[in-house]
């Protein structure tokens, strides 16, 4: 039964059962992630529907070009992950390493962009919560004019949503780093590549969350 | 090999063999020790609360002390006892054996769940002992909680962490039931306890993340004033209640569904009869799990939410009441033309039916819009949810522990002691909580430290409160008695046979008195349903013709 | 039965109470019948089919479709009835008659104050009998809940917006107002009374309590002491509550938690009102709200100081 | 060996999906710049939803996978929607029979001039 890196736990009958169990478990976990984020989406929907004009105005302070860039970066990383699954299934592990490195790079770009966005906001007094005190002029926008009731709610939601999403990206980067070393050491084969598959699923979900965050926070 | 080297307890020795175990049975025992300790703590806190209320005025606690004690009682009992106990103890111990699996699907995750649970518990205790007092009530309503002491930060984090323990437990069981059943163990041959734990898993996975994000937001509200829930900053405190109850109402089903599963198994085994309406009970567990998500707003009829949503939530509440009622009818009908054996577990099953029916019927009462306006936040509600959570969930757990005790420990307990304790608990429980229905419907609000000033208009409050307090002592004595004879049984009890109750499920028919480390010598082949006593020649011997 | 008190419900004293009670007793009676039926069956089965031999192996019972259908249908019909009934009474409770007399209610930790259209303010609620009264309520801090058991009305009181209850009292008597939403330390001391009076008595009372500008500062201070609910924490008779008593306060030496002390003079009292967290007297917690600098006028604070001096 | 038999999604399919995703991102960014009145929000959500479905079905291989996984995902989304819908049933209708007034009473909002 044992081919390269294959480990059948004693309590499973066969590999198919083990793989299916792991995948179902992962999907259940992803669903908990969806419901975790759903709370933020509900808060967003409630406050947006109460103060639509404030939310429309506050979102002007976010740079949609950076948001779009990050969307493209994340989509690309999802693509490379999907490709890496394709190649691990074919046993072409050198390509898998390259693709996962590209994924890691995309994730890093995403975080760097996020860093510039956050620091740009912080330097002009746009903080979540009590510290909210926008000032200064950026791109012809006078930030101090945005010190209006309920704008703090928008930015609280923005920071919490993107913050939690960012944490997920960081976790994903850690996972990819770990995967790359394992692929490079030849731990995976077409017969057993469960960690690659599961990490891929996780990463796609992080992408899907961003697909919704981008228009809700930056565009509309 | 000697018999001793064959079972899960003797397979490995030493503390580390427990702390690092991935054996679902040992993890179940570890949950039993943890939850038992917390239950003792929560119970002691409860007697403080009742003693304070026994007489008017300040009895043993001042206002702040009382508020902290009832808060802690609620937090400990809800998050550290009732929610984790049945899935953690009995789900872990019994479920994999009942479906013929060697372990759960993710044993290491299972162990991690226990550590997360303990980490959450320790964070709560640490916050309470070293950071500050928490007097928010277990519901953490804003803006009171966001203005309270920093220990709230610890407690919310604790709930968040313990929540993930609950998620991973539920996830593990769902996958186990889907993927790990033995040959022949079809969905309609699953014991009803398995169905119940499966349905519970669905609730744990879908609801618990929302309490997670709620606690994150409350944490940030307290830490950074993000203004989502605090009205002084433009937030909405009622929104917090939506968030909180979106989890905490389904959590009631995390508590009660597993107990219903235990009762189904007990009614079948001790009536030696097929559980009436097996398919209905199985599927209604899942239906209740889903419907449980649609009714949270019935906690908020007087909160200021829209009348429209109050009406929707009230209507949906009754939808969930009907399948629950039908389950009760089915359990009673199971005894019809059966062979009813009144051993201790069955006494608890019947007690469950008695108490849970009262809890359910008073649930209808507080689900009715106009009546709830009067009863909301009074002792009527306190009595109602104790009938459901303690009379339902905990009595179910105690019954289940008595039922599976021989399988878990290999020993029998004293039957007479068991029945005496059960009677004490029954009397004590009803004296404690039935009086609270009167207190509540007459208008005594919950979470009151004192009722002296109400006595002028409501002189009967003094006698009712005193009766309730006396009842709580009787209840406490009954529960302590269980602890005593359980410990005695553990060391001195007679050895248990493999199947003392004549049950038909795999944990009794296919293992020794104590299960092996990997449950079975060989994977069982299942050929009949869990309650097919008339086919169980392997249990009873060939049937005599007459 | 509806108009009577029982062990279950206190004597009804408002127009809606009778309707709520009727529904309550209906559910109670039906529930009791169901409960007795189910428990009766349970006990009967447990006795009739008790195990007689170790080897009892009963045959499975065929499920009876008629019985099953009935135990689905009957509860469904019953809950449909109580839902619709409850819904109708709920609307009655929720919609005030248009001619209702309006009183503003403010809740705070841990007292109530009631403001009437003519400017009178009281700590106990006075209402005329047989006349619809609508309360417009808001909170200064956390969530409270206005509850009069005798009237069967309750509504949470929130900060930053208004909630309402209405009732029409039918008996001249005094009833309890309690806070039904947990609000912290002195939650269980957050009492007020509802005094139901005849229309004439009510109007006389209103006139007496109107602020016509003729009060001395200390009298005005006493009124503010009542209206702002200071009495919830600061007694006048020497008993210690959440805050120090006002009895003999002026001129006494105050020991603070930081080890310093001071003699309580006018300025100390003023500071303690507008900035209560600055110095905390030993034996007390910093629980006093810091809002009075903004919610009270300078005149109000002067009046309060004058009032406290007299104690 | 079992896992070797799993469906391998062709590179071509993945690339096409990636292209469509990029295109939809462009569409949503452009349409959001145009004032469509009440249509902006639903349009953005429809586009985001389509993108999410594409990722789930193809990148996450749900189209080829065991149907129970799809069921799990659908359940998760359904309950997130239940959470949203029933909460909005309150927040959108506060004060409908005069029990509670909606929103806050004290803070007022004045619009900011857009650049």
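In this document, chain identifiers A, B, C and D correspond to the written order of the chains, with residue numbering beginning at 1 in each.
What we mean here is this: a contact is a pair of C-beta atoms (placed from the backbone, for glycine too) under 8 Å apart; a residue touches a chain by one contact, two chains touch by 3 or more.
Quantities reported herein were computed from a predicted structural model and do not represent experimental measurements.
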| item | value |
| --- | --- |
| Pair joined by more contacting C-beta pairs (B-C or B-D) | B-C |
| Averaged-CA centre spacing for the pair chain C and chain B, given as whole angstrom | 32 |
| Separation of chain A from chain B, taking each centre as the mean of its C-alpha atoms, in whole Å | 36 |
| Distance from chain D to chain A - Cα centre to Cα centre, in angstrom | 15 |
| Sites on chain B at which at least two other chains make contact | 178, 206, 210, 231, 234, 236, 238-239, 242, 304, 307 |
| Sites on chain A at which at least two other chains make contact | 20, 24, 28, 31-32, 34-35, 38-39, 42, 46, 149-150 |
| Per-residue overlap in chain C, given as positions that touch at least 2 other chains | 91, 94, 155, 158, 160-161, 163 |
| Contact graph of the chains (line, ring, star, complete, other) | other |
| Contact set on chain D toward chain C in their complex | 97-106 |
| In the complex with chain A, residue positions of chain D that touch it | 1-4, 6, 8-11, 14-15, 17-18, 21-22, 25, 28-29, 32, 40-41, 44-45, 47-48, 51-52, 55-56, 58-61, 65-66, 68-69, 72-73, 75-77, 79-80, 83-84, 87-88, 91-92, 103, 107-115 |
| Chain B residues touching chain C - in the complex, by the definition given at the top | 63-64, 67, 135, 137, 141, 143-144, 147, 231-232, 234, 237-238, 271-274, 276-277, 302-304, 307, 310-311, 314-315, 318, 321-322, 325-326, 328-329, 332-333, 335-342, 350, 353-354, 357-358, 361-362, 364-365, 368-374, 376-378, 437-438, 441-443, 445-451, 453-454, 457-458, 460, 532-534, 540, 543-544 |
| Footprint of chain B on chain A - complex, ascending | 9-13, 17, 20-22, 24-25, 28-29, 31-40, 42-43, 46-47, 127-131, 149-150, 152-153, 156-157, 160, 164 |
| In the complex with chain B, residue positions of chain D that touch it | 68, 75-76, 79, 82-83, 86-87, 89-97, 99-100, 104, 107 |
